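Here the chain labels run A, B, C and D in written order, and each chain numbers its own residues starting at 1.
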Amino acid sequence: MNLLIAAIAMIAVSGLPGALMNRRRSSGQFLAAMISTAGSICGLLAVGQWLAVGGQSDLRIAWSLVPGADFHVGLDGLSAAFLLPIFVIPALGSIYGLGYWRQSEHADNGRKLRLFYGLCAAGMAVLVVARNSVVFLFGWEVMALSAFVLVATEDDQPSVAEAGWVYLVATHAATLTLFGLFAALAALLGAFDLPADGGKLSPAAANAAFLLALVGFGFKAGIMPLHVWLPGAHANAPSHVSALMSGVLIKMGVYGLLRVFSFLPDPPLWWGGLLLALGVVSGVIGLAFAAAQRDFKRLLAYSSIENIGIISIATGLALLGRTTHRADWVVLGVGGAVWHVWNHALFKSLLFFCAGSVLHATETRDINQLGGLAKRTPLTAFCFLLGAVAVCGLPPLNGFVSEFLIYVGLFGTLGIPDGAGPSLPGAALAAPGLAFIGALAVACYATAFAGIFLGAPRSSRVEHAHEANWAMLVPMLLLVGCCVFVGLAPGVIAPALDPAIAAWTSAAPDGAALAAELKPLTEQVPLGWLSALGLALVALAAFGGAALAARLRPRFTSSSVTWGCGYLAPSARMQYTSTSFSEILTGLFRWALRPQIRRPRIDELFPHSASFETAVPDSVLESVVRPALRSLGQRILWFRVFQQGNVRVYLFYLFAALLLLLIWPY
Amino acid sequence: METAIHVLAVLGLPLLLRGVINKTKAAFAGRVGPPLLQPFYDVIRLVQKDSVISQTTGWVFRAGPVVSLATALLASLLLPFGRETAPVSFSGDVLLFVYLLALGRFFLAIASLDTGSAFEGMGVTRELTFSALAEPALFFGFLVMASLSRSLNLSEMLGESFGAQWQTGGASLVLVLVSWFIVLLAENSRIPFDDPNTHLELTMIHEVIVLDHSGPALAMILYGAAVKLLLFCAMIVQLLSPIDSGYVLVDAAVFVVETLVLAAIIGVIESTMARLRMPDVPRLLVTACVLSAFGIILLPR
Amino acid sequence: MALYLVILPALVGLAALLAPSDRWRPWLLPIGSGLHLSCLASLIRAGETVSHFDGWLVLDATAKVFLLAISVLHFLCMLYAPGYLALRRERPNRILCACMLASLAMMSLVVLSRHLGLMWVAVEATTLVTAPSLYFNHNARSLEATWKYLLICSVGIALALLGSFFLAYSALHAGLKPTLLFDDLMAAAPDLSRPWLHAAFVLLVVGYGAKMGLSPMHAWKPDAYGEAPGMVGAIMAGGVTSCVFFAILRVYQIAVRSGDGEFASRTMTFLGLLSMLTAAVFMVRQRDFKRMLAYSSVEHMGILAFGVGLGGAAIYGVLLHVINNALSKGVLFLSAGNIHRAYGSKLTEHVTGAMRGLPLSGSLFLVGFFAGCGSPPFSPFVSEFSIVAAAFRERHFVGAAIFLAALMAVFLGMGATVLGITLGKPSRSPQHDSFADGVQTGAPIVLLMGLVLLLGMYLPPFLSDLLNQAAQSLAANS
Amino acid sequence: MFTLTTLLEIVLLLNFFVLGASRLRTAINLVAVQGMLLGAAPLWMEHGARVVLLSLGTMAVKGVLIPRLLLYAMRDLTIGPEFRPAGGFIASLLLGAAGTGASLWFGGTLPLADSEHSSLIVPASLATIFAGFLMLITRVKTISQSLGYLVLENGVFVFSLLLIEAVPALVEIGVLLDLFVAVFVMGIIIQHINRELDPLEVQHLSSLKE
């Protein structure tokens, strides 16, 4: 525990020495990366030791701040599981930042960014180890506010300031909902403990707590339709910040959901059902939005919403398992959720790092201006490709493993294996939803990868592109290594999940019986087969590749231009763009995406040059939230008639208030 | 023994199926048509040929055919042919089966897009979108199968003890059958979704994707696509076939005959139907989804 | 000893009035205020309840909490004053300096006095001594603001005087010896004449509420705070309002003790929530950031009133919030004053990019905003969260929901303005480039912010003892 | 015989005169007379040096100092002294009458301690306060508003007659001092307003608004 706290403290202050140094000097950023990495290694050691040895690990210090709430932190399986990405991604991000956000190039905001980068990570670590809700809220808000500063790093650009504002509103709405949740829990249960002893909650109170948690944490996690802040914030933040946010920060919402759900008593069926439904909607609509984006960072952001949807499906499965007392669903649900959290942290951070590398090389986020980058940035292209395969949940990489768990659980709701307990066939309907999500992801990422890296350059920006430097490549390659390792050797990773599953189950008021039935994850899913077949696939592809390479030696090949079907003057501008790739999908999901299309009217025989434009802004934000707030704001302005500067009217208010209060009781 | 038969089937049947389809179509058109083994000749010829490769392409272009073939072959090991257990069989292999095919699709798509051709972009977009729409239909079917067989194992879902399930869940199975047949046509780019023989690149789906591939790479793609056709045919045959003789060789022979008949049926459909307009394709695929979703509702409880 | 709390600042104030030089007179401000603070510190260290003049002036735990908040805020504002006044050489500062110290004396008197009549005299005196400092800028707008402040508060306080008399009469009516001594009234409370007491409570709450800035009597606030110099606004929003709130707290105690508690509690929660909602409504698209701060003050007064209405466990939060509100308002008003000075405007359309143009003040303004909105790890979180938790504990679910909704609405309204000012490209007009963040105008704000942060994470034992004592005494009394 | 009740009746009548006075100077003088009368009122309540002193002090402040101050403040008023209340004099008088009636009725319903003094004290106090409020709310000019404040304070003072013994002299002096300083500061502000603001603005004094 001491090591863990030292680690968190190191990460928290990692940006401080640099912040006090001269803004022109770059030694501060090395220092920050070093402290952060050292802290993370300490943290990983501490968590690893706990996972290996186990034991009670608690620290409670009297804290007179809020009466009844001590400073109480501790480790359990769930905390340990969420600490792992917190100790991996921020450290890699700070190393990546050495190359991506050089102090010499960003003298005005580099120090601030590093200061809050460490604080944000430390806030997350604190909230994860918090054992009462006050400490939790501290960590939560430190994380949320630091993230705001990080998002608003380049606040002199209007779009960044706007994204920061939207983020801030969403996060504050979340925080206030959590205020309500935790204050109500503390009032009803008499203690701020986390996990609390939820047995005393009445069904109505439990339902209220469930909904409050869903809204509060859903905002942070980005469950549709609470995702409104997410695309803008992820797109406009520096890429290693986006990696941190998408990879780790939004998972804190997931952590909160899991943590609070764990101790709510007797989950009714509709809790799990609602989560399944929200998960499928987030996944499908999220990907439809992702596919329709021209901005590759927005695309990645929407894909984060999709992945949160997958995690939400898994969480719903776990809740259904508790409702119906099916220990295997709980194992697969919690295991799938947490594992997908890890996997998403790995591959989405990887993808954002790659995106940062592309942005660094070309200074544009518009896919329609890119193309052919694979020739100039081969390593980045390779990393992106592997990240894309992983994010689509394709074997043999890590994304497949967690989705596999969730699928097995969902199929299990049909009553498989036979005789294991009650079945719930309605829940299995989420499986085709998940499949649809997977297939859409393939469509989305194949075209995105192709749009950025393949074909011919669509603008001159690509001509001057350069490969990322090593400070950026090393974290990327490390993450690729992790993705491959987890994908090929899932059996090694799985035991680390069992404590999390046990912690989740036993926190429930009625959890003891269920916890006794839990089986290790490795016994429930044939992870050995997955690694065997994954290796077989790699071998087969390698063999095929070698064979083909032998037949494609220059002696046997000639090169030519791409076949243009007879057209003799093709240009790079004629290539399919990301907009054209997504045209069919955008059309199919027109009802949800509400694309804005500006097409010229052509009614002459020889039309002049014209332009055609489409954009897919976030429909929830632009068509619902913003107009609603705007019109509310407009209506509220009416109240200003009460404050028109006339002091006599003000005195009348005084008189009126007096009369009103005097006659009120009668 | 079973494994050997399985491997032989994977090696031999796919191209034969193509031959049968072409022969059937030729018969309907009143032509003699190419020989039954013409696809074999094509592949062998292609392997021997030199390649022409577009200058815009890179290693991704070369990786596509390899991965698509590798995934198809690996997937074929998971599916039972006849009444025997597949060579590789474990609980959940159905998921790996679907996702391996998806991986192949992914790589074929990016390989094709590596050329930077607008035509290929068009084809890839269509292929990926239509496959995405077909995916839920496939899964609804698997849900029905899993529910009937209480298993997540392809060999049990589609294999051994299958006859009894027609009695319990016949209504669902009919719906799944129809739905999967639609998926088969869509996933393998057959009429009414795609016309393999069209000459207008604008209307192609699969053919335009492989437009720039040549030589051994094209051979790999052709073979991989044929394996995929076999897999989908096999799924339907497994679903339909009532025969379980108990003898390995007999079962295998029955399976081969059944797949060839199915190929002939596909040929008949290709000869008698026109292809759909592109905008109508999603509608048919959604219909397939709805059909197999109904299959779940009709399941016995 | 407690008398020095009134006498020392008054004497130094007198010295300031007589001091001849505009140049060094401002340095008397931190001296007077510092004397007050050190005097208070020694009194708190001594730990006992001090009583003077037959219990007319009493320094008990509650008074210590309020005085601490006022004194610390005042001292740090006065540290800021010399730097600020050095920039305002064009204005004579004699009256301002004298008034600032006099207001400290009068605020101390309000908090110390246990005689409601004396308390009333002191409250009115704070109005009168702060009025000239509002008018420091000597322009048409500040004139108008001062006039409104003076008129509304004077009328309100006149009503409070009537209320005090009603209170005394309620004792007379019950056949007791008429008195305005708080302790006597508390002792006699259950026997007091209910109708008179009821009317007295309403009059006092409306009257002092006008001074405190509870809606709908708050209308003078945006005008006055908008036109006053930053440090005057800070002292008014953090200090004067606190001591008036103290007066209301006294009255509330009597009402509760007398058995009229339900009505009193409903009145306070109603006025509290109404104030918060009013503040939220008027913060929407607020172009003037100093007026926005005034509405924020209305909001926080609402929080205090709501907490008092809840009673019970909320009292601790309320007392803590008095301190937190004082400190965070100090941060906001002083940094807003700096921004106003630097940009020469307090309208959002002229002020953007303060974080870049004026890094220290801009950042402090932004952080102060977060603190004011109740985000951890800043201290207002602790108090606001305690109040929400108490609301749930009292089964006041609707109230808690409105409270949280109002906080969100306030955040939306205030955030749009604050972010508009702090983020973006700096838009500084060249003629005001003379102002830059300096030690004198920056350090006091940093200190205030440091205290807000510190109290958000760690409550010194002496303070938590004090708060618990005060909360207990208030709870025991009510 | 000139009793306290008579005095209070005169005070009530003066309210109406003040409400109806169209000349500022007249209104100030009327309020001065009201202040003088009220200053004398404590003499009916109690006897002793303390009361006499208090009475003298009140008369001096309310009857002399404050009116002089206000007259001084309006000395260099540029526009004519006539002023029109919002809604007109008639409405203001009618409202005043209604308010006085309501106060008399309401004061009658309030439970009173049995007092040997006038039963008119509470109603007169309420009515005077109402008149003060009415002036504050309807009068446009700053000076007449401060007159309204004075009338309001007079109303409060009437009530305090009931508590002569309860309220210590120190507090009474404090109250008087505060009142004086309040009006003094108001006078200064009024002067500045008249000097620095354009007469048209003075009419409204509402440039600070949302």
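The rule is simple: contacts are C-beta pairs under 8 Å (C-beta built on N, C-alpha and C of every residue); 3 or more make two chains touch, one makes a residue touch a chain.
Worth saying up front: this structure is predicted, and the values here are computed from it rather than measured.
Asks: Could you let me know which interface, A-C or A-B, is made of more C-beta pairs in contact?
Replies: Here the pair linked by more C-beta pairs in contact is A-B.
Asks: State, to the nearest whole Å, the distance from the C-alpha centre of chain A to the C-alpha centre of chain B.
Replies: It comes to 35 Å between the two C-alpha centres.
Asks: How big is the gap, in whole Å, between where the Cα atoms of chain A centre and where those of chain C centre?
Replies: So the centre of chain A lies 42 Å away from the centre of chain C.
Asks: In whole angstrom, what separates the CA-based centres of chain C and chain D?
Replies: 30
Asks: Report, in whole Å, the distance between the mean C-alpha point of chain A and the mean C-alpha point of chain D.
Replies: The separation of the two C-alpha centroids amounts to 68 Å.
Asks: Could you check chain D for residues that touch two or more other chains and list them?
Replies: 133, 136, 145, 205-208, 210
Asks: Where in chain A do residues touch two or more other chains at once?
Replies: Correct list: 640, 643, 645, 647, 649, 651.
Asks: When you check every pair of chains, which ones turn out to touch?
Replies: A-B, A-C, A-D, C-D
Asks: So in the complex, which bits of chain D are touching chain C?
Replies: So the residues of chain D in touch with chain C come to 110-113, 125, 129, 133, 136, 142, 145-146, 149, 152-153, 155-156, 159-160, 162-163, 165-168, 170-171, 174-175, 177-178, 181-182, 185-186, 189-190, 192-193, 196-197, 201, 205-208, 210.
Asks: Touching residues of chain C toward chain A in the complex: what are they?
Replies: My answer: residues 147-148, 151-152, 155-156, 159, 198-199, 202-203, 205-206, 209-210, 216-217, 219-220, 222-223, 263, 267, 281-282, 284-285, 313, 316, 353, 355-356, 370, 373-377, 381-382, 384-386, 388-393, 397, 400-401, 404, 407-408, 411-412, 415-416, 419, 423-425, 456-459, 461, 464.
Asks: Can you tell me which positions in chain A touch chain D when the two form their complex?
Replies: Against chain D, chain A makes touches at 640, 643-649, 651-652, 655.
Asks: Spell out the part of chain D that touches chain A in their complex, as residue ranges.
Replies: By the definition above, chain D touches chain A via 86, 133, 136-140, 145, 204-210.
Asks: Contact residues on chain C for chain D in the complex?
Replies: 115, 117-118, 120-121, 124-125, 127-128, 131-132, 135, 138-141, 143-148, 150-151, 154-155, 158, 161-162, 165-166, 168-169, 171-173, 175, 177-180, 193, 195-196, 222-223, 226-227, 282
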